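For reference, chains read A, B, C and D in written order, and residue numbers begin at 1 within each chain.
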Amino acid sequence: MSLFRLIPDKSDVLQDYNKPPEQARWKRRLFEVIFQSHTPSAKLFDIILFMLILASIIILMLETIPALGSKYYLPFKMVDFFFMIIFTIEYILRIICVKSPRKYIFSFYGMVDLLAILPSYLEFIFPQSHLLMLVRSFRLLRIFRIFNMVKFLDESRMLLFAIIRSFRKIVIFLFFVVLLAIFLGSVMYVIEYEHNPGFTSIPQSIYWSIVTITTVGYGDVAPMTALGKIFASFIMILGYAIIAVPTGILSSDLSRRYARKKISIRCDECLYEDNPDGARYCSKCGNDLHGAPIVSKDL
Amino acid sequence: MSLFRLIPDKSDVLQDYNKPPEQARWKRRLFEVIFQSHTPSAKLFDIILFMLILASIIILMLETIPALGSKYYLPFKMVDFFFMIIFTIEYILRIICVKSPRKYIFSFYGMVDLLAILPSYLEFIFPQSHLLMLVRSFRLLRIFRIFNMVKFLDESRMLLFAIIRSFRKIVIFLFFVVLLAIFLGSVMYVIEYEHNPGFTSIPQSIYWSIVTITTVGYGDVAPMTALGKIFASFIMILGYAIIAVPTGILSSDLSRRYARKKISIRCDECLYEDNPDGARYCSKCGNDLHGAPIVSKDL
Amino acid sequence: MSLFRLIPDKSDVLQDYNKPPEQARWKRRLFEVIFQSHTPSAKLFDIILFMLILASIIILMLETIPALGSKYYLPFKMVDFFFMIIFTIEYILRIICVKSPRKYIFSFYGMVDLLAILPSYLEFIFPQSHLLMLVRSFRLLRIFRIFNMVKFLDESRMLLFAIIRSFRKIVIFLFFVVLLAIFLGSVMYVIEYEHNPGFTSIPQSIYWSIVTITTVGYGDVAPMTALGKIFASFIMILGYAIIAVPTGILSSDLSRRYARKKISIRCDECLYEDNPDGARYCSKCGNDLHGAPIVSKDL
Amino acid sequence: MSLFRLIPDKSDVLQDYNKPPEQARWKRRLFEVIFQSHTPSAKLFDIILFMLILASIIILMLETIPALGSKYYLPFKMVDFFFMIIFTIEYILRIICVKSPRKYIFSFYGMVDLLAILPSYLEFIFPQSHLLMLVRSFRLLRIFRIFNMVKFLDESRMLLFAIIRSFRKIVIFLFFVVLLAIFLGSVMYVIEYEHNPGFTSIPQSIYWSIVTITTVGYGDVAPMTALGKIFASFIMILGYAIIAVPTGILSSDLSRRYARKKISIRCDECLYEDNPDGARYCSKCGNDLHGAPIVSKDL
């Protein structure tokens, strides 16, 4: 059951290749281990993969530290090579065991898996490449695999629900914040640009106003004129007040969800709809609920 | 239906010129396209206008970047001229198609439209003007047109509702925050002014206390004495606690609104009150609900 | 009706001198104008006093700006003298018209009024005083009068209610935050003190950890070692999470208050308890509800 | 009743040594004074201990201030010695009066008490130790004793309840934030590393992205390229929006708790379950409810 199952067009794609192939038993077994997570060996696979991804990301980070990167050049290269082989094998196994390899390859996770190993080969072929760092950073895409792996935690599903429900409202709110930042930044530019080397252009002023409204406040650009400081104070107090808006939206959405909705899982087999949220097997017919749709009803 | 319809005195003004003129058919058609948004051509007009405003704002921003502004002086001037012509035509069309041109001209959006094109003419007549930048920034007022155009998104109405409902409370809260900032800033001035070049006057200290209470924290002014740091820590913790107040107000307001209120639209024609929030046509008589008043009832 | 009426021991004191004196009619009239706010002349008095306090505070601020303070020394002195006379007259009038002058003088507002004018006399007697600025800042105490004057806004009462209800919880929360800041600051001191000139002592490190937990982030002190940065990241994420606590407390308190409580005012005269929140006169016997106790009942 | 009673495995351990020993009367009396807090002498002991711990922590802090530490070297040493003796006596008394000294010694608080005095002895034996500061900071562990002492405040229990209930959700949320910070930090590294001395490595960039997402914003590292500033603005606005998530979780949890749950204490003696939250003695059999389990029921 994918974390992204809740987004319809994505889940449809996944649904297709997520069914185990019917040809061979070992393929079905392999599919269970790699793509699912309800057998002990599948859980072990998930945990090992999680560890390997984490290790490869940490290695990638350490490589960029100048002092370490030059000192341990060879060991790093060897570890890189090791991970390249491991993840290539994983990719090949994934292709082998799905019913429709093509659908997997062009799915979101198929692309992530490919892009995370392909650049490593480029790096070995053209070691002096100028785009080396860009290419290397593609390996970080594997973080999405970790996102996907947190699927076994029920809390994350609840959270995701609330965020998706509030998504449109929060996006509209952020759109207003950006418009506000553009407007306030431009006004600030008119106030400050003759006296302050930090406000050299309107985009720079907008950057400053976003830094201020979001209460980040780096201080690399700060108002210098008296009028600028008064206006900046006004922007800060405004930012302080409007931070309440996304919080209020999400709080009331989460409250309402618990108060009024009942979340259950519908069995694909017998169409029984009252399986409790988080159930693994249908309580009526015993069918595996993996990938079954979530149903939310008003009480 | 204006975004500001919810503010009574503004909506009354809008109501007046928002009715299509009865003289000519082409004027009525033009009015529909320009002022309304429920026919395909009206939607197309809205989208094109949105794009043009966005483009004109982006051009205005890029012009202020010194490196670009001097290099592409002529192309920028030409694009400015193009937008000036386009928005002048739009303004004239708006005047032509409304029933009462004078009411439109002196309405909020009429003023915005005028102020956004008038300065461009001044710029062409007096290109060496000292107030050039101020004059130019008037073009940014067109952002309000974008605000107005988001009217077709139901979520923004809901959001606006909650903000307007909580407006008085939040303003009072912000008033207390400002009073607090004045008081704490003055105390901080007494503590720091002899030892810290950043606390040169009470207004400067108040600026610092607003920066601190709102958790922005630029760092351009920071306490230096031991007592000042202790007092600053106290202010920060206070700011950390009182940020809960506007959030709490809005959260509880949003929660209550959903729990107890029912929002509907009253038809101007048959006075039927139960049209669902967001409806475009009256479910009883089929009248266009554009501009019809919103009714909120306790359950 | 004082803003502080909700705090029992304070309201008792206020109750005593808040009753109009019975001796003379002009005293009663004066009392109504100065201490109450439901007659037109009392409202006018409130507004004029509000303006004068605001003006005196603004003048006090401007005086501290070095450029202005030296240039307009004499005008500032004259304005100071004017305010001194005005507020002295106000203080004397307040003493005259209350029933028990002594109780007023030793009440919170009596002290505020006295401390706000007394230092001005000291300033005129000892103009070269070293403590000049400290003495002068006492005038800012008058801000509390403004706090008191916002009593006619119903929203502020509601807000105050929620804050007072949540006060203990928020104080305990802040106490935990301070303990946490002490602990984390000390750990950070051990990590950074040998490598970073900003972490010279544990109090300095605690100051830094408060700046970080509250997400203010001046940047005057920042971690420099790798371990310090990792630990600082942990503190920031912690601060990001625990900011939810005071907000959650207040949100749920405000929500509950509306859901379950009914706020009304009990008439002192006929003991009728169902006067709606914000009522000025008892709906049963018509008695003035000024100063009457607020009653909150569970539904 | 320990603050940590709510965490099962810890409370079990505590339960064991928390029972007064049956051998001698003076031991039982001592146990009541030291470990419990419902008799006057026990409360006095708690307050004195609280003061001593606070004083010892303040002294420890002041010692690290270079100016004070060298000037008052001897007085500080003497005060340190005094606290060492006092807390050693306290530790010995605790061992004496519990039923199972071994269980106490290896319990969480036993370890805290030991680690808070042991290093002081090391300091006296090896005064020139290089790890002096690390060793000294162990004394700060005593802060946990203060955390434990706030048990008599009912509000802290309610707060703790809400935090524990939301703990898993908040941890998962923070895990996502960290993953996001890693991803965004890495992208920012690719954008900035050639132009900005602040983005020397991916870990450094991740540190920056955490500083930004959490809206702390030190400003020691800030974007310099145009693309970097655009991307940073995006990160800030994202951070501004996702701060709503933990707040929303906690708000809705606190609201629900009050709306639907009833918290009571079950008597260990008669198993009566409806003792109100905060009760000290069972309302049925009069048994001391100290250490009795909290029961939460759905209404």
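To be clear about the criterion, contacts are C-beta pairs under 8 Å (C-beta built on N, C-alpha and C of every residue); 3 or more make two chains touch, one makes a residue touch a chain.
Just so we're on the same page, UniProt names per chain: A, B, C, D = Ion transporter.
Keep in mind that what you see is a predicted model, and the values were worked out from it rather than measured.
K.L.:
Of the pairs A-C and A-D, which shows more C-beta pairs in contact?
P.N.:
The greater number of contacts lies at A-D.
K.L.:
Using C-alpha centroids, which chain lies at the maximum separation from subunit C (Ion transporter)?
P.N.:
Looking at centroid distances, A is the chain farthest away.
K.L.:
Rotation angle for the CA superposition of subunit A (Ion transporter) on subunit B (Ion transporter), to the nearest 5°?
P.N.:
The superposition gives an angle of 90 degrees.
K.L.:
Does the subunit C (Ion transporter) and subunit D (Ion transporter) pair touch with the same residues on each side or with different residues, judged by whether over half of the numbers are shared?
P.N.:
Different-residue interface.
K.L.:
Distance between subunit A (Ion transporter) and subunit D (Ion transporter) based on Cα centroids, please, to the nearest Å.
P.N.:
32
K.L.:
Would you mind pulling out the distance in Å between where the CA atoms of subunit A (Ion transporter) average out and where those of subunit C (Ion transporter) do?
P.N.:
45
K.L.:
Which residues does subunit B (Ion transporter) have that touch at least 2 chains other than itself?
P.N.:
173, 203-204, 206, 215-219, 243, 247, 249, 251, 255, 259
K.L.:
Residue numbers of subunit A (Ion transporter) touching subunit C (Ion transporter) in their complex, please.
P.N.:
215-219, 247, 251, 255
K.L.:
Which stretch or stretches of subunit C (Ion transporter) touch subunit D (Ion transporter) in the complex?
P.N.:
These residues of subunit C (Ion transporter) touch subunit D (Ion transporter): 168-169, 172-173, 175-176, 179, 182-183, 186-187, 189-190, 193, 200-204, 206, 212, 215-219, 222, 226, 229-230, 232-233, 236-237, 239-241, 243-245, 247-249, 251-252, 255-256, 259.
K.L.:
Quick one: which bits of subunit D (Ion transporter) touch subunit C (Ion transporter) in the complex? Just the residue numbers, please.
P.N.:
Interface residues on the subunit D (Ion transporter) side: 57, 60-62, 64-66, 133-134, 137, 140, 143, 146-147, 150, 153, 155-156, 158-159, 162-163, 170, 173-174, 177-178, 181, 203-204, 206-207, 210-211, 213-220, 243, 246-247, 249-251, 253-255, 257-259.
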